[in-house]
Amino acid sequence: MKREGELMHQFMEKLYPICRSITGDGVRKTLEIIQGMIPLKIQEVPSGTKVFDWEIPKEWNIRDAYILDEEGRKIVDFKKSNLHVVSYSAPVDKVVTLDELQNHLYSIEEQPDAIPYITSYYEERWGFCITHHQRMQLKEGKYRVYIDSELKDGSLTYGELIIPGESEEEVFLSTYVCHPSMANNELSGPVLTTYLAKWILSNSRKYTYRIIFIPETIGSITYLSRNMDTMKTNIIAGFNISCVGDERAYSYLSSRSGNTLADKVALNILTFKKLDFKSYSFLERGSDERQYCSPGIDLPVASIMRSKFGEYPEYHTSLDNMDLVTPTGLQGSFDIYTECIELIERNETYKINCFGEPQLGKRGLYPTLSTKESGRIVRNMMNFLAYADGKNDLVDISNTINVPVKELYSIIDNLYKNGLIVTVDRNAM
Amino acid sequence: MKREGELMHQFMEKLYPICRSITGDGVRKTLEIIQGMIPLKIQEVPSGTKVFDWEIPKEWNIRDAYILDEEGRKIVDFKKSNLHVVSYSAPVDKVVTLDELQNHLYSIEEQPDAIPYITSYYEERWGFCITHHQRMQLKEGKYRVYIDSELKDGSLTYGELIIPGESEEEVFLSTYVCHPSMANNELSGPVLTTYLAKWILSNSRKYTYRIIFIPETIGSITYLSRNMDTMKTNIIAGFNISCVGDERAYSYLSSRSGNTLADKVALNILTFKKLDFKSYSFLERGSDERQYCSPGIDLPVASIMRSKFGEYPEYHTSLDNMDLVTPTGLQGSFDIYTECIELIERNETYKINCFGEPQLGKRGLYPTLSTKESGRIVRNMMNFLAYADGKNDLVDISNTINVPVKELYSIIDNLYKNGLIVTVDRNAM
Amino acid sequence: MKREGELMHQFMEKLYPICRSITGDGVRKTLEIIQGMIPLKIQEVPSGTKVFDWEIPKEWNIRDAYILDEEGRKIVDFKKSNLHVVSYSAPVDKVVTLDELQNHLYSIEEQPDAIPYITSYYEERWGFCITHHQRMQLKEGKYRVYIDSELKDGSLTYGELIIPGESEEEVFLSTYVCHPSMANNELSGPVLTTYLAKWILSNSRKYTYRIIFIPETIGSITYLSRNMDTMKTNIIAGFNISCVGDERAYSYLSSRSGNTLADKVALNILTFKKLDFKSYSFLERGSDERQYCSPGIDLPVASIMRSKFGEYPEYHTSLDNMDLVTPTGLQGSFDIYTECIELIERNETYKINCFGEPQLGKRGLYPTLSTKESGRIVRNMMNFLAYADGKNDLVDISNTINVPVKELYSIIDNLYKNGLIVTVDRNAM
């Protein structure tokens, strides 16, 4: 296994304990740590700002929270798991009966050892999340409930990194930083995105990269409301990066139209890697692709995931922890995404530069030693040329001639060097 | 079961005994009785009138017909079944041998108890139709054959009802009234169409309805020859209504192109009702869709039937009688057709009125009580909005998000009321 | 069986012994014999002429070749099989050890009784091809190798026959004459093409026919480099005729796009003949379609074969001999190709000449005697008319209504005679 998987997993350990929500200091601290890795620009948008059909909510911060039983024992403690408190809980400090308490408790009968992840962003209430096992053991009596939180005018925080390329055309990566201590959904996304940004920065590139770390939904709506026109003009392909850390599956979630460059690239790479990936329609969406692909915005955004949100048992519970996400799982996602980006960078519409088949022999493109391997290369070269008709792009040709793009890159370089192909401007067609 | 099925069946009993053909008093009487239910305008087109490639034939009427055996017994009697005489039989009154008689007899060996339905519209001859069972028992001897019929210059009669709507765009319903006493094919058609017309008249409507009761083939050709331009300009969807009375099947016969609004609506309604319907291609056509969908006319006309003409054993025999057609069978057709019409009335191309997903909560569109049912409604609403892109019409969205239109109507009303969607003029696209 | 199969097989016997290559007297002699059958125009293109990315090579001729063992016995003799010498072998006359000889021998271990067919057009070397069986028996010792061949500036020879028609639009037939004594691949092609040319000459025709007999690859490139513009303007359909002589299979190889008129016609004829043919994609190409369908040339050229090149065990060996190719095999190809040409000649875009269905009866198009056969004809006629909408051509209609074109020809003649259909200019649409 390559090194990035381990590094990403270590980086994740560092971010894991922070209590994030859609606003507040948890997000800020997360973005600052990421800023230590890549030159992120951190933006603040004030509460009350109108963003499309929405409004930036009040900022939420929490210092402490617990439940004490009659004997004063801390039976639930926010400091042990930040999932114990409903995200955006209003402050509370009172003594309640078990009956009253039950109205503010959340647990999952079917997963008695899991603390569920519950939010209440747009309705003011308070609540605690506990394992069902613990809930069953609660006795009649008085309980002191204490949440030291604050809802106040503040701001929504997000991070943005624009990496300029030769072209103004953009590749877009979006991930979200609003989940408390959960691993696959969602710390794997920001961690992988950080390492992809590092990798992009370390390579020469044709396209500009727009990479954002935002709170889900309200963050993408906010970001779109400020950048939509540029994004619609420039973005040629993008990915919403989420749930990329476990080892159990590969998943592909299509854009709304299903036929954007992002979809084409994702399907080509996943298919030729012979990964047994699951394909999900846009009806099974659930993250920021909901905004990016909405009518009138229609960005070319797809998702490649490991186990998809909502499709694995630990999803949105305390069981989605650091054991679930592995260096191997993260590495797999890193490899797929870097191959996708490489393909986007290399994807062109090619056109053969002569009539009929060229004479490969006189150019030394015909192998002198005829082996099975060299025969395959010549066949791939001739098939590439047969479809290099100024209409098919590299992905189309790879699909048609059934050869992975990895095997075509050196063939293309050779043909290019020999003046046998040219690229055609797809916008001018 | 709803009431219409019973009412239709009773109405059918009244029309059943009348001897109809493509012209003559049987058609007139039938249309007059229907006129008692809906404000039908009855039209007469003179014999000899040129209609496209055809000419209106002479008018045929019959008063009586029988066969007497040597003992003077009336062994075949038109008064007992009007199927006994070949439709458009010339008058005859003579004594013939059994051998001569056989040349004018029609029966079905495989259905020995059925009187077949035979016509001879465009060639002058006479004939009797009897059960094969009876034919086998005929003895050598003399028979008196008597048909008191008349072929004379007269006219072709049809009924027309134009129900104006807000729009000049039209929905077209066509049925035929040229068959003698048979039930599924074809008294079910005019009876259902009468009740659909009553239902349309009793509701407010967007579209104009053009509803016609005609003799098959020559009637549709005649009607088209007089109204084709208006019809081609105005009709957005239509149905040829035939064979809609038995309980054994649902059938869909596509238009020639297969992708008109009539086809889309019929398939959507039939599919989501989870009826196990049979789908027939235009190659299996057989009624007036032959004219409506012919090249150069190309009206958007499909058919929804119960057991399709030619596909059930009693077809075109005396066995296609009032026992075969049931209130339940008719009601099923009524329900499907009214749902189709409702869908045509409500079908629009919708467009979401904001960027990104709207905030349902602040508009009270998010249910306060979260149940399985309310979750489904919210999911359907969000999916509806995701595809309300100004390109998909309601049928497209229903198909894409896999939700019956019935469940979308109230969602659309809610979204509309809240200003979250607008309709787009499909002609202006 | 028809007569052409026998005649073609006899003609093939005459051409079989000639030693052909991509240039030289073998090609000339072959073309002269064909010229005895059809008025072929023979063209010479000098060595060194630039043709697209290629150059006409030196001309190669061979008089004799053999290998003598130490006892002076002629163990390999070109006069017994012209496959014994690598095509384009340089002259040689020397004594070599067995070890040195082995470097110049070609045989097939898996087919020990076959002499392989080997060429070395663009690299100067010499070599002998023998059975693996013989090779295994060679003893240590000295061998005299003798090849009396000549590589000199000369020319590339090809034959061309333009058969003018009423229209400048062309049907194109191409076959190749560069293989020494092998039967299915490739003497069957030029032999069948000769008989197709005779058949075309003997019939009246609408289209002009361009028929060429060329060496493979360099020949098609040469021909294209001289005629491309006319060919691109005029050719509406073409076939590369190769491997058309055995009885074991029918094969269809698509054009690059797969949807040209040649493809449509080939698939229609093969499908309705209910031959169990194998369909090959353009990725499995191997003959001059490589040039005809290359990007920027894009001629509508497909292939119908019996056992396809590369797909039968005797391919490119001495086992591909006169026993493999049979009169029946050749006749099958002749029948298919003549049916394809007949269909191309008759293919039109038809349009019904009236609104609605015509009245067949008054024109005598309705059979007076109603039989199963006549019912089928009427049904086919009505179905033909239903799709004669000025958009579908004959192939489309045949496919849609599922009736072989052979059964539609007389129907079309009848409808045409009665003024019920017209043809529509597909270019004017």
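All chains are identified by letter, namely A, B and C, in their written order; residue positions are counted from 1 within each chain.
By our rule, a residue touches a chain if its C-beta (ideal position, glycine included) is under 8 Å from a C-beta of that chain, and two chains touch if they have at least 3 such contacts.
Since we're looking at a predicted model, the values are computed, not measured.
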**Message:** Using the definition of touching given at the top, classify the network of chains in this structure as line, ring, star, complete or other.
**Reply:** complete
**Request:** Compare the two sides of the subunit A and subunit C interface and say whether they are made mostly of the same residue numbers, over half shared, or of different ones.
**Result:** different
**Asked** Hey, what angle do you get rotating subunit A onto subunit B on C-alpha, to the nearest 5 degrees?
**Response** 120
**Asked** In whole angstrom, how far does the Cα centroid of subunit A sit from the Cα centroid of subunit C?
**Response** 55
**Message:** Which positions in subunit B are in touch with at least two other chains?
**Reply:** none
**Request:** Over in the complex, which subunit C residues touch subunit A? Could you list them?
**Result:** 52-54, 122-123, 217, 220-221, 224-225, 228, 256, 282-283, 285, 290-291, 293-298
**Item:** subunit C to subunit B touching residues, read off their complex
**Value:** 351-352, 354-359, 361-362, 382-383, 385-390, 400-402
